[in-house]
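I have a structure I would like to understand better, so I am pasting it below and will then ask my questions one at a time.
Going in written order, the chains are labelled A, B, C and D, and every chain counts its residues from 1.
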Amino acid sequence: MSKIRDFKLEGLVPAVFTPMTTDGAIDYDKIDAYSRYLSDLGVKQVFLNGTTGEGFSLTLDERKKIVETWVRVGKESGRIRDIVVHVGSLNMHDSQELAKHAAVAGVDAIATVPPLFFKPSKLEYIVEYCKKIAEAAPNVPFYYYHIPTMTGVEVNIEDFLVMASKEIPSLVGAKFSSKDLVDFLGCTQLTAPNRSDSKYNLMFGCDEQLMAAMVMGGHGSVGSTPNLMWGTMARVLQLTAQGNFPEARKEQLRCQKTVRIMLKYGPQLGGNVAALKAILALVGMDTGPPRAPMRAPSAEEARAIKADLNAIGFFNWDNQPATNLAS
Amino acid sequence: MSKIRDFKLEGLVPAVFTPMTTDGAIDYDKIDAYSRYLSDLGVKQVFLNGTTGEGFSLTLDERKKIVETWVRVGKESGRIRDIVVHVGSLNMHDSQELAKHAAVAGVDAIATVPPLFFKPSKLEYIVEYCKKIAEAAPNVPFYYYHIPTMTGVEVNIEDFLVMASKEIPSLVGAKFSSKDLVDFLGCTQLTAPNRSDSKYNLMFGCDEQLMAAMVMGGHGSVGSTPNLMWGTMARVLQLTAQGNFPEARKEQLRCQKTVRIMLKYGPQLGGNVAALKAILALVGMDTGPPRAPMRAPSAEEARAIKADLNAIGFFNWDNQPATNLAS
Amino acid sequence: MSKIRDFKLEGLVPAVFTPMTTDGAIDYDKIDAYSRYLSDLGVKQVFLNGTTGEGFSLTLDERKKIVETWVRVGKESGRIRDIVVHVGSLNMHDSQELAKHAAVAGVDAIATVPPLFFKPSKLEYIVEYCKKIAEAAPNVPFYYYHIPTMTGVEVNIEDFLVMASKEIPSLVGAKFSSKDLVDFLGCTQLTAPNRSDSKYNLMFGCDEQLMAAMVMGGHGSVGSTPNLMWGTMARVLQLTAQGNFPEARKEQLRCQKTVRIMLKYGPQLGGNVAALKAILALVGMDTGPPRAPMRAPSAEEARAIKADLNAIGFFNWDNQPATNLAS
Amino acid sequence: MSKIRDFKLEGLVPAVFTPMTTDGAIDYDKIDAYSRYLSDLGVKQVFLNGTTGEGFSLTLDERKKIVETWVRVGKESGRIRDIVVHVGSLNMHDSQELAKHAAVAGVDAIATVPPLFFKPSKLEYIVEYCKKIAEAAPNVPFYYYHIPTMTGVEVNIEDFLVMASKEIPSLVGAKFSSKDLVDFLGCTQLTAPNRSDSKYNLMFGCDEQLMAAMVMGGHGSVGSTPNLMWGTMARVLQLTAQGNFPEARKEQLRCQKTVRIMLKYGPQLGGNVAALKAILALVGMDTGPPRAPMRAPSAEEARAIKADLNAIGFFNWDNQPATNLAS
């Protein structure tokens, strides 16, 4: 169990996209190039099959094969050190199956959202649900994936951690994709007896206010923007840690301006991931179209996105591999 | 296509529960007794694998086998005339697979919820999503399953029907589980050229205000309470149709009092279906416990539910097969 | 107290607009013509200073003078039999002052919304708040004004009536401006001992689903559309009472189409009352512009509203005084 | 206008409570002692008649007399340097009257919430509304008071500032009582031409995540907790400015624990201000009970609040005047 406790995500951990072909199939072959692209930026840890990865739009077989491919081309090549796999789904049995598969495939950690349709009315039911999934891969570090705007499940994560830690030996922390920094501080201030550091590994998921989460005690980001603007996000972390708030705010603002463009185009494309995939292609890493209910931008829409990015100076910001400050 | 157009749900159509064993497995054998129970009440049409049926908590294989079992023991025996199957899931591919299977299995209609995680921001994406599922079973009548409190997808169904009718030849109507009677009237008043009756088959899903939906032009109910109190719900329909509002209200109020008990115990059991299954067992049809994130009531809780039902007179209401007014 | 209990609103009770001049002042003189316009339609009872009357945008002095004017030109002339005054405001003291004034002015009933800023977390605080206002006019029948979409205060009105009836001797009922017909039925089915009729006077406020509320046991409508389309709304009541649902639905649909136009233009004018005042002017009763934060439509917008009304046939519907079916 | 531009709130600015007697009247005499209490802590600027001050539960006359009293006993005595007055109400005319009065009374700035009942659907209507209030006191610095959880008006404040700055010459900033730090950063990064500091004065209102707001560029807090725990909140500011995040988090956590107690008792007392007044009394400054719809705690409830505060160590934290770090 000590090996589980030692696992930790930190700094910038991209939630990776799922490469697809224009006919809607998974483009497994593209993962090799994508893992090299990320490794060149300085990425050491990735999060698979989450919201950014459209995990909820994939079949069980596709999700498994994506895991296997990342383990092979990312991890075994030495490019990516740690792989976290999201195993949340519509029913507990599927998630247990994905958890077991992830363990056998050799991933480093798993994560899950709570039930998506029958939303638990009490915290204990979420804990119980997660426990049964975690037990399917008892030796794999377990994260709760908190993203209430998508799941509709509002739960206090500090309360969850306290209750779940008694039930789930493999619990190590949470991917916290909510803007509620009050709850977040409560989480980071939970400590083990006779320890001053956080008992849990708390990764923030709303890149657009990452610097605020870091001063509240977060360990880093599991998000999508590191894929697109690694240098900017790395400087957010570095400058905040240095207490250089004025400069950190400038970098954080760049992130927000980019997110605003995502929010401008996402709705008309059926979802924000569609806009993010389009931006990623513009910086040189084409992962193809998203899957329904989203769609790729038309040529005209893609030009508009590029023009908007140009207008905020996006392409002039230093986001090249050489600027890797977080590694 | 005319055969599709002729299909119609009407009156009381129970959304059926999924029988389970105490170890959480599906109790396929129990479906025989359950179909006989319903048939004895006068049921002619059923809705499978929806919210009541915990369809969202079942694996694809389980959902398929449930369909096959109902077709065999319910339909082939002549007990149940029509079977509608909910094929909604977390991703379009699984739903297409379920739709194809339902067609081969010989069901009479299918239905689906919209995407549950990536909630479409525009109506056209919901239509497009449904279209691709409907196309997997092009000769099977298709219903949209509208249940915004659970899915988080608020969409105007009148607008949906108008737009979807151009894209989905097999569209016949909607299961409308929302209390918004303004939208519902808009739907029932959509008529075919030179026709005065509704162009779409509109089944209401909130039993506790069924009589209001009927005067607004609904064709009946697809809900859970007909399982529990067939006579009461049948009298709601009959008395409303007769314009006998004072008596209809008394029956409707009985339904509401029962629903209030469901709402009292549902949250502490992890979900309302858990409470409903407990009530169904009390009237003689035991379908076992629900699946996580719900749980069965304890012996003490079950006694409390029974006492509350007793207090409202539930067991004295005429809900026996002989009172079947809707058949 | 028996005199209080005998008071009853029924049928169509227009929530009246507040006439204003183009410079934003109250046009008290216009109330004479307006009361004659309503009386000619067949109106017997009116509701003052509510949402339609922009009561929340008026000063205390203005609200008092409006009451005095209606009592004089409406009631003393014999045109309007009963006047109900909304006395809700931001603080209890102002509402008590308005209640006292209404009593002295000779109105027939008062009504209030709950606290608007410090929204009570428990039902008992709403009851206590209402009690203190009702006590300022103890001999005047008291209504709770339930309009949760505007106030943000979600409360079960059945529970309110049961609790408040023990504290507020002058309580007679509620103006129920919510689409929740489950709660509404619960309210209408509350009866006095050894009585079968409703203990409370329940007036519905969402005209667009009025017929559903009537079969649920409502006594009529306090709303804005009777100002604009008296005949249509009167036929909704009459046809529903007759059990002629197909024809009632046609009239109800006309109401909804008109409301849809209100909802189309309301937001761009700062609020729905702005659109309604514009429509009222088009049918011959000009009550001037609304007050900030709303504005009157531009000439171009007014033409567009008229064109949209024309397109649904609004001006061809029989809404003349002679068609008064509800009087 | 340059004098207006020079006005600035910074550091800890208590939103002050309104002292009341047990019979519900305003205890104007108590303001003298209260202003001395605050001055002894090191307070230089205060915010009157806002949420903490129950401004929304007071009559116009009461609000005016409170302003006059604070100007006299607080400002003219030299104890309090700057007084900001909230003038928001239910209607524009009352707010204009309060703004005029505030100007004559000699306050340093005014603030307003947007319309509370007719919630503007478009930003331009909020701007127009505020403009008309600001124009009633054209030489007094104007703040927008953003508190969407209470008002129900969700508006992007960055967009508001940009639009309003063209219409309202006296606009200087916002009291930002929302946890949305994305919008907050957007606001702080608005700069005047050729300037690097914020163009607007941005005071944060959610004390429980104050340190995060400060790194995002906030200028301080207008909140209630500085009344209760000045030293703690002052250290939050000081330690955050020093980049000493681990120690700052400890102080911030103390604030959160106190807020959790407020949230535990607030609902049963009718509102959070009731709980805060009770805590303030426990630290030696009794401002009496709150006004309806809130109530003071019973003796038993007061003991429970004290016990809970004891359990978190509240009374051992250094919150004495001598610890004044922010003055």
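The rule is simple: contacts are C-beta pairs under 8 Å (C-beta built on N, C-alpha and C of every residue); 3 or more make two chains touch, one makes a residue touch a chain.
All values reported here derive from a predicted model rather than from experimental measurement.
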> Steps needed, at minimum, to get from subunit A to subunit C via touching chains?
Replying inline: 2
> If you average the Cα atoms per chain, which one ends up farthest from subunit C?
Replying inline: A
>> What's the distance between the Cα centroids of subunit B and subunit C, rounded to whole Å?
In response: 37
> So which bits of subunit D are touching at least two other chains?
Replying inline: none
> Considering every pair of chains, which are in touch?
Replying inline: A-B, A-D, B-C, C-D
> What does subunit A use to touch subunit B in their complex?
Replying inline: 51, 54, 56-59, 89-94, 114-122, 125-126, 128-129, 132, 150-152, 266-268, 270-271, 273, 291-295
>> Can you tell me which positions in subunit B touch subunit C when the two form their complex?
In response: 179-182, 185-186, 188-189, 196, 206, 208-209, 211-213, 215-217, 240, 242-243, 245-246, 248-250, 252-253, 256, 259
